[in-house]
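Below are the structure tokens for one structure; questions will follow.
We call the chains A, B and C, going by the order they appear; numbering starts again at 1 in every chain.
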Amino acid sequence: MFNLIPKEEKFFEMFQESAQNIHRGAALLKEMMETWQDPAGMAKRIKDVEHEGDTITHNIARKLNQTFITPIDREDIYSLTSALDDVLDLIEAISDRMLLYQVPSPTPQAKRLAQIIYDSTAEIVKGVSVLGKSNDVLKMCVEINRLENEADRITRDAIASLFGEGKDPIQVIKWKEIYENLEDTTDLCEDVANILESIVLKYT
Amino acid sequence: MFNLIPKEEKFFEMFQESAQNIHRGAALLKEMMETWQDPAGMAKRIKDVEHEGDTITHNIARKLNQTFITPIDREDIYSLTSALDDVLDLIEAISDRMLLYQVPSPTPQAKRLAQIIYDSTAEIVKGVSVLGKSNDVLKMCVEINRLENEADRITRDAIASLFGEGKDPIQVIKWKEIYENLEDTTDLCEDVANILESIVLKYT
Amino acid sequence: MFNLIPKEEKFFEMFQESAQNIHRGAALLKEMMETWQDPAGMAKRIKDVEHEGDTITHNIARKLNQTFITPIDREDIYSLTSALDDVLDLIEAISDRMLLYQVPSPTPQAKRLAQIIYDSTAEIVKGVSVLGKSNDVLKMCVEINRLENEADRITRDAIASLFGEGKDPIQVIKWKEIYENLEDTTDLCEDVANILESIVLKYT
């Protein structure tokens, strides 16, 4: 029932698997936005990646319940896993909403935000891959924070310009929500960065 | 000043009282949505239940300050109490908004979401009643998660259909908020489930 | 690298600095709303205060990393610092949005909410200044909760009256967001109060 010998490397491997899966979801969202080819098919592929993410999260939780001694505190494993999961859930929700709301095509600002999410998840992959091995994690956290600030600026301006264009209010409501969801995704990446940072500071 | 002999059962009793009170609020919201008879009177009754909830929360906090040895960690008692309180606060806010926004009558999707909230709080009552006694809590958590996923699906579709009906934008804004509040309530029920799950895993 | 002698007073001083800075931001927001003179200049000054806040937050984090023994638990220092930072970030976002959305002038309800935020941050300043010295902190927390309830009432009514006035939907969307941001600021002040309360209860 219990693994009495700590299998430290196993949790770090699982975090990497989770981070790579999120990055896969972000790459699909970026492609969906950029090409706008077969958006229904792309949304379906993102949904599949999200399901894969649920499996990974479930496996980490099961492993956690079976492990007596963990390489880092249980609550840190739990927080990191949840925070990674939240990023992918929102990426899936965005792709689903783009379809459901039948937006004609992504705006330049939406494409730019999808690119920033892609870049942020790339930093998460790098950060998680050196977690427990190097303080370089902190550099990735700084970069994720910078990307979040950029996303915040783009989103505020994009919403303000929606208001200024004499657009149909229904279109304004749809795009405002999509922009806010995109910006929230970079906030969730920042939450992951904050957890990575606190883990590094705690164990070094 | 201090109860040096731990009164373990007392906190569990108070959690049950809180959970039952929330379920009472959810039952009134469901009835309000279904019958739409005297919505002002129903909103008033939900407000009373929320005040009762504040009293219960206050009593738990006071008990916590007077108790030296607690059956579970103080922060778990605090988290569970706050999470239960948040569910009821949002139920009250929804009933108040339905009135204030003068919506003509609840939509089928709003009724369905109120039913899901009712079912979720029923699971919370069951989960809290066996907390500390049985691992069955975990089954209730799985069911609450399932209900939250269903609510998410219904809400996304309900909002998308608002956009597709050529509705007055003001009505779209009102209903979008009410739907999101209903969905957020099931999220808050899931937060309660996550806390219950972590307590069970921590102490077994 | 480490300060082996705990410098307890230093963290409390830094919290005070942070709280006073937030109160400065709230005072500027109140002035901006009340006078509506040179809103761009006022938003710029609030941005400067927010940058100063980032510096204070950064200094607390650096100090925390260099300090071996802290006067209160590290996670409490971290939570309080983040919660204080969040209040100021939202104050800045509100002033920026008022400008970007080109609202003609603040409504009476927006002015009233800015006053409540100002009062709440005044209580935070008082609470932080006696933290670790007196239980009077709890009185300030009660007052912050009361102010939050008042803000919640004003916001709900303000949004409901937006809907009732036959306003342009675009103006409704803009004002609904600004009102919600103002109300969220009082929620964030309440989060600070909850952390202050938990610190007082933990160490007395």
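Simple rule for what comes next: contacts are C-beta pairs under 8 Å (C-beta built on N, C-alpha and C of every residue); 3 or more make two chains touch, one makes a residue touch a chain.
Given the structure is predicted, the values throughout are model-derived calculations rather than measurements.
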item	value
Interface residue overlap between copies chain B and chain C, same or different (over half shared)	different
Cα-superposition angle relating the copies chain B and chain A, to nearest 5°	120
Centre-of-Cα separation between chain C and chain B, whole angstrom	27
Sequence positions of chain B contacting 2 or more other chains	169, 173
Touching residues on chain A, where the partner in the complex is chain C	156-157, 159-160, 163-164, 169, 172-173, 176, 198, 201
Residue ranges of chain C touching chain A (in the complex, touch as defined)	65, 78, 93, 96-97, 100-102, 169-170, 173-174
